[in-house]
Amino acid sequence: MADALDKAREEVALGNRILANEGVLDAFGHVSARHPRDPKRYLLSRSRAPELVEPGDVIEYDLDSNPVNPTNEKLYAERVIHGEIYKARPDVMAVVHHHAPAMMPFCITGTPLVPVFHLGATAGANVPFWDQYDEFGDTNLLVVKPEEGASLARALGKSNLVLMNRHGATAVASDIQALVFRTIYSCRNAEFQFQAQALGTVTPLHRGEIERAGALNAMANVTTRTWEYWTMRLERSGNGFSPARKQRRRSKVRKPGKTKRRKR
Amino acid sequence: MADALDKAREEVALGNRILANEGVLDAFGHVSARHPRDPKRYLLSRSRAPELVEPGDVIEYDLDSNPVNPTNEKLYAERVIHGEIYKARPDVMAVVHHHAPAMMPFCITGTPLVPVFHLGATAGANVPFWDQYDEFGDTNLLVVKPEEGASLARALGKSNLVLMNRHGATAVASDIQALVFRTIYSCRNAEFQFQAQALGTVTPLHRGEIERAGALNAMANVTTRTWEYWTMRLERSGNGFSPARKQRRRSKVRKPGKTKRRKR
Amino acid sequence: MADALDKAREEVALGNRILANEGVLDAFGHVSARHPRDPKRYLLSRSRAPELVEPGDVIEYDLDSNPVNPTNEKLYAERVIHGEIYKARPDVMAVVHHHAPAMMPFCITGTPLVPVFHLGATAGANVPFWDQYDEFGDTNLLVVKPEEGASLARALGKSNLVLMNRHGATAVASDIQALVFRTIYSCRNAEFQFQAQALGTVTPLHRGEIERAGALNAMANVTTRTWEYWTMRLERSGNGFSPARKQRRRSKVRKPGKTKRRKR
Amino acid sequence: MADALDKAREEVALGNRILANEGVLDAFGHVSARHPRDPKRYLLSRSRAPELVEPGDVIEYDLDSNPVNPTNEKLYAERVIHGEIYKARPDVMAVVHHHAPAMMPFCITGTPLVPVFHLGATAGANVPFWDQYDEFGDTNLLVVKPEEGASLARALGKSNLVLMNRHGATAVASDIQALVFRTIYSCRNAEFQFQAQALGTVTPLHRGEIERAGALNAMANVTTRTWEYWTMRLERSGNGFSPARKQRRRSKVRKPGKTKRRKR
């Protein structure tokens, strides 16, 4: 029974590290997964830069974004993004919030993001735009109150990705691997669209193409290939989980409620 | 006899890795070579990210893109790009399909790619543009049917490079080394053209300059220099084939038809 | 007593190295801190590229930018930037001068830098623009005379950051960690603003948002996270201070007035 | 007597490697120095990618660009660029020819390069533009004939840098260290000017500022700092000359006229 949870913690850590290694996340942003056995819980790291997240940093939350076990760790202020989306979208098994440089020009100007190449279709035909100011007025733009998270979840609706005015983006998927694929290739799409608009006239994929190409990340020879590739790049960067390190790390996973910070 | 084939497998693996190392290929794209002894066969890796391809991953295909020996490996869905071009172009000995970031703004907008500096002349005076939708309507944009590959080969015609609408590009050459040169410097040309169009007015090389400069990659002190350079950079990246590793790898080349996946 | 000074020297060296590692500083630019016990002194490296600065390179200056102890080391020509700002701004505990590529298009064109995302609010609502030519006519643009430094300090006023025409930028903060945060995220803001202006219409954060988001770098789970992240990245780059190296280095800190250059 | 020449060979190799490491040179481009004792000779590597050049690769040429000692090595086709400039400009002690990405948009559009920040003043107030086609019609754009080199030298005139239409650039200086400084910061200037023109209106430095700032690379605390920085970065990249490696290499310097290619 413990194995599925161990694996899920490790995938959350890997998802964080891969997206940092591929330039999507920096000191900020976070990846979560729904609990593998309890759909009313989700898994998210303590407050820490994504590329440093280890399986032992991953904390269980209920859908109101309270830690299931008491903890003195510093927590992400914006964890309600995850909790409120898991509430609103039973189909969603993984969530990422990020400020990827590729997306920011779209988040700042409100320019619609549209699929401009086949792999970019993973973003979906419709990427909504949410402005926290509309409903909440002056804030520090962090999504910290449950009602702010719920508002963002409503804006997301049934889409795969929502842009957040002058802040960043949030994406969802059916598992961590699909989430990483969606996030990396929606960022590539944003980069290509940005450059294409500077060069000439941009017409998005046809609606039927978006539907068909949007399913590419479910093809077995696509997911196998991409996951092996990103994992290997992470290993080669010197920041991955080698089997030896994983073994060593797993044995150091802290028991819930044990609050002393590890020495580093 | 086996040596020419071993060398060709290794060159296919090297071509994949170099183009990944130089930022042309990511998780996707693939490099092939015509079989060194049988012009009715070609060599292409099993489905795998290009920077991970090893000589032992390279599979023999007939020109209808069926594996010569039965295999349970995952195969590239788009291998017909290679087979149909080898059919249509007896002069072509190496093919690459890629989604290089440098090319994508041109693939998305249909802006003509023209040679803007001497090394960019390797792309040729005329780079055709192909849209899968014109002939096949809504697809996922992958080139998977023989007739789709044949249509692309027709669009390529006698050119060196063809752009594919909202998808990527495909280039051909007389051997792997010339293919790598053409691919890297046509991408550089795309980058420079993109920036030059943002800065001022672009006029391409004169027709006579294109012809003369287009032959540079056949000069002995050019090919020697570039191949040594890209190979050395690959070695220094930690992802190359050192003689020791090559030796080790060669001894592990799987026999055709042997389908068990190696542990990694 | 020596410990606070040792720690401050080390933070100055770390601040220099982190900003170099994150692409803000190159061969030029410098980070200083006010002396931890004597507000009439500040700490700045001898003339050296920032990513090479070691704690033992850090020299004590009075606020007229004269070394407190005689030295034969080469000194930064522009140290008056630091001294004159520490004079004019008793609240300022750390200063950086840099030519970050992200800022240069704004420094060259005089385009106003405005907060375009929440983390960019650290620059403040008003970023003044200073042109040395206005007051001093033809110079080599280096800020070397006390009156040039004083003029820049007046232009800075109560702001967090001042742009310098065709030269660079200077930023201030309440400590080195906040300075590094402000510098990195004001550069990110400049990059995003540059791209957003190319893509569409840019509207800055609302005034109330700037005030609230501008305080983010004082949140405990923000500063802990960012400093751990940048320090870890520096360590992984191979250019950091590991505990072992720090120990070794500290023992080699030169006594003030000892002027012989170390062999390297 | 041999020491000055050994040192010069090593500086030529270092100049090549530093400019490759800083992104100015790729597989192409070359750095030369005038012979330290004989102004009628210059030193240039055999045909090889710049980041691989070793002191033992450096060949002596007369000013007609013939090797002083017979050799079977492959030679750079464009060595007349160096020879003809050393003939025309007795003050020049070092020359580089390159296709730096930063310069290419200017080389392709003919947009004048102007100093937009203090360190960019090293390019000088006037950067001429040369088009090989004007005098020689259709070529492959390589500068291979003595008269082509002489034409380029005439276009350079008394300037520090000349742009070559749809090809690249050539810069000169009083020694290798000043050449490296000029080349890196003229490229930075090109990048900043390119971006500044996209963002707003660009006005260059005042004439008096260009003269004063143009002399910065002769200040002792500038040259010491930059050379230490670029050398250290090269060492850290794993591609430098450590004392041990230098020792080892020096002992392998080939005698002139000895033509067998080393095994690698």
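We call the chains A, B, C and D, going by the order they appear; numbering starts again at 1 in every chain.
Assume a residue touches a chain if its C-beta (ideal position, glycine included) is under 8 Å from a C-beta of that chain, and two chains touch if they have at least 3 such contacts.
A quick note: this is a predicted structure, and the numbers were derived from the prediction, not measured.
Distance between subunit A and subunit D, defined via averaged C-alpha coordinates, is recorded as 46 Å. Subunit D has its Cα centroid 33 Å from the Cα centroid of subunit C. Residues of subunit B found to touch two or more other chains are 198. Under the stated contact rule, the graph of chain-to-chain touches is a ring, a single cycle where every chain has exactly two partners. Contact between chains, as defined at the top, is found for A-B, A-C, B-D, C-D.
By the touch criterion stated above, subunit D contacts subunit B in their complex at residues 26-28, 47-49, 51-52, 74-77, 99, 101, 104-111, 133, 137-142, 166-168, 194, 197-198, 238-239, 264.
By the touch criterion stated above, subunit D contacts subunit C in their complex at residues 116-119, 188, 191-193, 195-196, 198-202, 205-206, 208-209, 211-213, 215-216, 219-221, 224-226, 228-230, 232-233, 236.
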